[in-house]
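Just below sit the structures, each encoded as structure tokens.
Both complexes below contain chain A, partnered by chain B and then by chain C.
== the complex of A and B ==
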């Protein structure tokens, strides 16, 4: 009903009016503006401009001051002491209690109970898998201590298990009620949505430092970071599950005079159970995927050896702990998926009657008591295991040696011919030009408000920097030029993204066109999608050594499944009758692909770009752990040298960069989201 | 139950549109001026115990909205509804729930069954929300399942049943609370023709026994004629005609209704009264009742030698069956007079 948007004069002059197709209309104006400007800028290369070093807000100092204040008032301030401190203690106590319980249960007890639970919710296969995974926590060991001087992985695994349990419980008791509230009250939904959006586009690195400022290094900080990272899907799935209950079913319940609460309890929640389980499953997977990052802020467990190994380049040792994290993820994934399966099939036939169940638990208790006090067992016996490190190291060494011939040239080509020039070019671009280009594209994709917002984000990002020669209280001093670091991160993102699209879209098309290809790719993509982000760093560091190339290649692989999947999904969504119409006119297969299928799948391809960008950015930042430059490295440095202001300001810069990249690659968030679901 | 001057106007300024009288504008004009659409337009009717009142109309005519307004599943804009002499529209939430729980039940087009509950738990739902204990509600639900012939599938889930069986569950669920008023919203529209007929017979059978106040919404004229004691034809939110099936077919109120009933097999709906010349006096040899359908009378009409008398329910002679008129009526000749002019005694 609204009038068609007025065409700007210059656009009219370029004949970019309504008669052109939608694609041209949307893209031509921004490109018409942005491209010449970029060319001008490129011509001016050598004129070093970037972001003026004197323009700053003093953000690092705020955080350093805040940190100082928190340290000094920790015991006297009510909020810090009672609320934050109390909450932290609660999390810590809960974790310690669970750790103690797991140790008290002895290895026999842990094995028996986990297997019994897996059997109850799933099948004997789930149970067997569960038993094997738990046993592997004891069996797989590191000789001579590894980087942390610990050979047995069992205690670390139990710590991680306890941390995960607490994080998952916290996510559940916050996430499910929030999801329900969001489904029931539109206001809550409106308030939560942008927050969830933001939480999902942010790399976990962005909020590590503020969490540490509040909770200080330790288990509570790790749990809170895990919670923030993992809870959004649970809220979303809960809300979606409740909202997607069929209207007529709800109406039927209302017509019988159910109260709102009764409708929710009797109808909506039971019908949403499966979606909620799916959300919980996501929470578990995401929680396990940041175990290593959580270790960076003091959460113990299996993340520690991985982190140590990555930082000392003793890749083999990291490999064992990393493998155990992956196994734990698969174990918890399968078990929770089995519960979801159960919710879907509504199998009212429980495996056991109530009495049998009681008997089972009693039996397990007796078993634990006997193992503990009768046999005096404890953790997994150190002798019952073997070291896979030697083999792992040997395998990795072999890879390194065999492929150095290839990896070396690739690495130097990427570094010298692509990454470095690109980074130099981007860093040297005048800030106003970048803001203008970003603003224009943002405007073209989402209206003037988005354009202004995004241009503002770019400027704000530059303002995050610390003054030259910044020192704090005479002890810490560092150099933080947010602009340059963000551009370095951005250059890594661009390269990984470009490679992802070049490889991913054709793979997606191939998987759509040829069934064999689909069958080959499916299990590979499934595996890649369940692996935590840090896993990709291990082989890449082995192959390319620490640095940007390892970061880019890990990001490339990490984000590849999303690019392939979204492409295939989009092509599959093309309706059969449309295809038949295309065929009926005698199109060749390629004509069909380029004239019908790909154009119709365009929203999905855009979604592929959007998803890939966010994943790539997340991984590029994590790659700061292995020395990939930019904002990620700033955060890592912030921790390793306790430079709080640096880490926090870099985190904020990441937030801004995440918003810019997400909004630039999203033409219409609602439509894209609709396409995704 | 009764419904008076009920309006349902969709749009942000619905109340204003009624106040200003804008609602009497045409659909497009109203939309342009106020952004509102009218779903129910000044609708009034009464349904008595034991009667089946059919609301019939094409999709978009507002019939589903209308019946939802009766229990405020959709909030009406203005008007008055009373069920069992209780004011529905003025009821507070608690009282409204009480009315919904005990006085009215609904059977839905797509059944509206709870997929996560077994058949018996579906049927017992209305009792459950009333807070009735499990043994009592299961006993009652089992009784109803017996009535609709579903006892063997008590513990199945809805999606394990055929469409017809699912709607029997819907019917049993509606009956379980023993409501005064039953509302069927296109209840059988999603079913196959054969199953549909079966379900219609089931409703007639149950109605004979239970004598509920039934409001039945449908877009199927055959169904309306078969089930309805009275039928309301709805168009653009308005009742264009309310009457017995014979009224509707024999004396359509306007061209819209006429077009609607054009293909109806008239002999199955129209009665002797529509072909009777009023006359009093001597009782002829051959006699038929005034409410017999013309189809069944054809053998008599063409077999009898002398005049055929038409008597009312008490056996009193009301007139003579006119053979020429029978043919006219069956052929649907438009110039026929209304039955009121033809036959003085009242309709069934």
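== the complex of A and C ==
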């Protein structure tokens, strides 16, 4: 920040300056508007709790009509049949081709090729890890067959690998050009930003229903869902990478007479390669975290046995399949990270000369052909594996039995003393008060436009509701009171966030303070982030009983790594010279931590809060699967009963809630930077 | 020197690209070729809908075994919820659903309306949906045999989640239930809590059962768990056709009887006539189904082992499903209100 902002006239008149003055300057204008508006609303509306039931836009009916139209015109409409249908078929064919290719290569081929690639891009460690993971797809088995009657996990793993490949290719084809366009043309950037925000906040469940309407169930629907969820980081990283190429480098290129296109192709893109690889890495991780949700709409693979764990109590089977998803994520993560590393070093130190490389590929081809036709191999041999299902089931049962005694009281305490009163309190608030509070905070933190926008979002959320006993073509009827359900979900988010911060910040500090802790935590956090929540939902029910506590646990676990990581990252960003100055004044290590490092890292802690909220929001729908109410249950109900209107309206309500919470917790980036420097 | 390297490098790079492209091309050609040659040339793959309850899976497992062994088609089982399965049949993603509970509106829309789904006759078992409590609870509180006892004893069922009301535990939200309407219309001090999935509901019931705690829940037969746990039905006001005609929110009587039936894609009869004929003739009892479910879920047998065990001990029955002289099972539209 160069110069302090000029003090407004009214502030000068009131002699408001300094720190207190800053606070007053920020809070006074929104309050001056909000308080009279509240009084007017109270006078007109009366102080009633919640949102008026007659105020609605009829959003559920829009979507039901749309769905009806799509179902009726599926085969005759050019757009639906040729464009959407053709695109779906293309994705489906691509997936099936890759699946067939992987099966044709035989297990020896898959193992050899994946190990060779890992070795080429990384080190022998990467190669060894890759080989172990690929072997684990064959070695770990489900003895009694999953729900689809398949004992070996190899075919499921190959299907998931193929689905991931297609989704990642699609993300690359779309994401990188969008990122470039967004970096080159400011208009594209402006249009794209809110769309990307939306894609990241939108819980995947919310768009499952429309995707199924368009693509029907199956691989294409799963790939499109994965794409929507995973592509935003790639666009953002590409854009960031291109933009952060130093001005003088570009000018130098231009002075040599390069055209804009040449600068982009020969200077900006190569320099942005590392950022793009980082984005691709994120895409892979996010795509794998949605494997199970894609299975809900008929994309097969490793997600199926995990879902079965939730549907028929096969906890052990689900756990093993979940573990394989984690391993696949780690494998692809390490391999793509190794490629990124190469891009950063920009070393041309290749392991092999061209000729050797050619020999390697030829050798692999011969190996595959011999394995296929000489030895007649196929998928991983069924006998070469063992089951850890019984051990997993036994371990999980042991945990649930041992800890039910402790978990019961925790569950009652959280439900009776925290969640229920909080939810009652929030539901009792009149809508205008909530809108005013949200608007005021938004204004104070991000300016008048943001304040008004957020207050508008709050009102819009209430308007999503359906009329009492709403029915479309008389199939079933339901009541959807978006406001009350959003408040219930909000209470879950608050509790998950609070618990995450209580646990996450100390862990983050510990990981910063002690190297050992960092090393121990890293694999655990990686696992928590990629292990599908569906794996531990049923054990959570056994521990805490059906309801909000079991539901909140999924969000809690999923978002914890973000809280820990952002804290550690923030503390690491504190500059060395500041610390040395502190030490020079004779501060102890702990004094330094609390007096210097933590205050300086505050903006990063705010970032931790923001990230945690977004991740909690992304996973809070899952709570609906184990008895928590709120918008999560609405979305799940809408999806599983094909109530398109309910699913879409509840999904939109969730998006609005996500936008409000995100913007409220986003600290002003300029101020954060100022404080950090 | 530089020049020489340049000359040497270029063909090498080209060769690498060609080699990789060749590997992929050969692989694709061979895999496509081998896929079309393998076993069931030209025959469509039959896809059966696995719904979330075990009974539905038991039907499919046996049907899969018989279709693959006797009719030579490949069969896939696809996990999907009840209602989305109907549009999926129209889109050709699913060939048949081997167990349907009610769903008269869907029947009216797809079977009677646009004729894209065909009625494949009754499955055999009659379904019974209702309110249940563990039997130990009725022994301690005999009045819980009817809903009037629930009205009096609602405090027994209070949980943190439903507090201050009693809890009525519903299962998956995909099951269309009347429970919320019943609670309101019978004036019960209960809150309907959806467990979200049947497994979550069952886990909750099991935990309560172990601790001999009170629990009131939505349940049904045929269900293999009934062989493991002792549950008793709570009598609701008797079902009447007048009650079935009420709007969903006004329903105040017990669930109707369900004659479980099968449906299949209308195109199946021409695409795979022998399979369509088999599905129309498939018919068994609740006990048959429970025995297969039990082997799958409790004894952890594999799908094919459980199916083989059943087929080997019921050869005459299986033969009747495959014989064209057997009369197809009766076609009967679902009861209104189901």
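The rule is simple: the second predicted complex is superposed on the first by the 530 of 677 C-alpha atoms of A that agree within 3 Å, B and C clash if a C-alpha of one lies under 4 Å from a C-alpha of the other, contacts with A are read in each partner's own complex, and residues count from 1 in each chain.
Criterion: a contact is a pair of C-beta atoms (placed from the backbone, for glycine too) under 8 Å apart; a residue touches a chain by one contact, two chains touch by 3 or more.
This one's a predicted model, so the numbers in the text were calculated from it and none came from an experiment.
In the superposition on chain A, A:662 contacts neither chain B nor chain C. In the superposition on chain A, A:152 makes contact with neither chain B nor chain C. When the two structures are aligned on the shared chain, A:485 is found in touch with neither chain B nor chain C. In the superposition on chain A, A:642 makes contact with chain C only, not with chain B. By the touch criterion stated above, A:105 is placed in contact with chain C alone, chain B being left untouched.
Once the two complexes are laid over each other on the shared chain, residue contacts for A:625 go to chain C alone; chain B is not touched. Touched residues of chain A were counted for both chain B and chain C, and C has more of them.
Chain A has no residue lying at the interface with chain B in one structure and with chain C in the other.
Note for the complex: chain A touches chain B at residues 246, 248-249, 251-259, 262, 266-267, 270-271, 273, 346, 348. For chain C in complex with chain A, the residues that touch the partner chain are 9, 12-13, 15-16, 19-20, 22-24, 26-28, 30-32, 34-35, 50, 52, 54, 57, 61, 64, 76-81, 83-84, 87-88, 91, 93, 105-106, 159-161, 163, 169, 172-174, 176, 193-204, 206-207, 247-249, 297, 300-304. Residues of chain B touching chain A in their complex: 68, 71, 73, 96-102, 104-106, 108-116, 118, 125-126, 128-130, 157, 177.
Against chain C, the residues of chain A that register as touching in their complex are 71, 74, 97, 100-101, 103-105, 143-145, 147-149, 151, 212, 216-218, 295, 298, 304, 307-313, 354-355, 357-358, 361-362, 364-365, 368, 372, 404, 411-412, 415-416, 420, 469, 471, 473-477, 537-538, 541-542, 545-548, 550-551, 624-629, 633, 636-637, 639-642.
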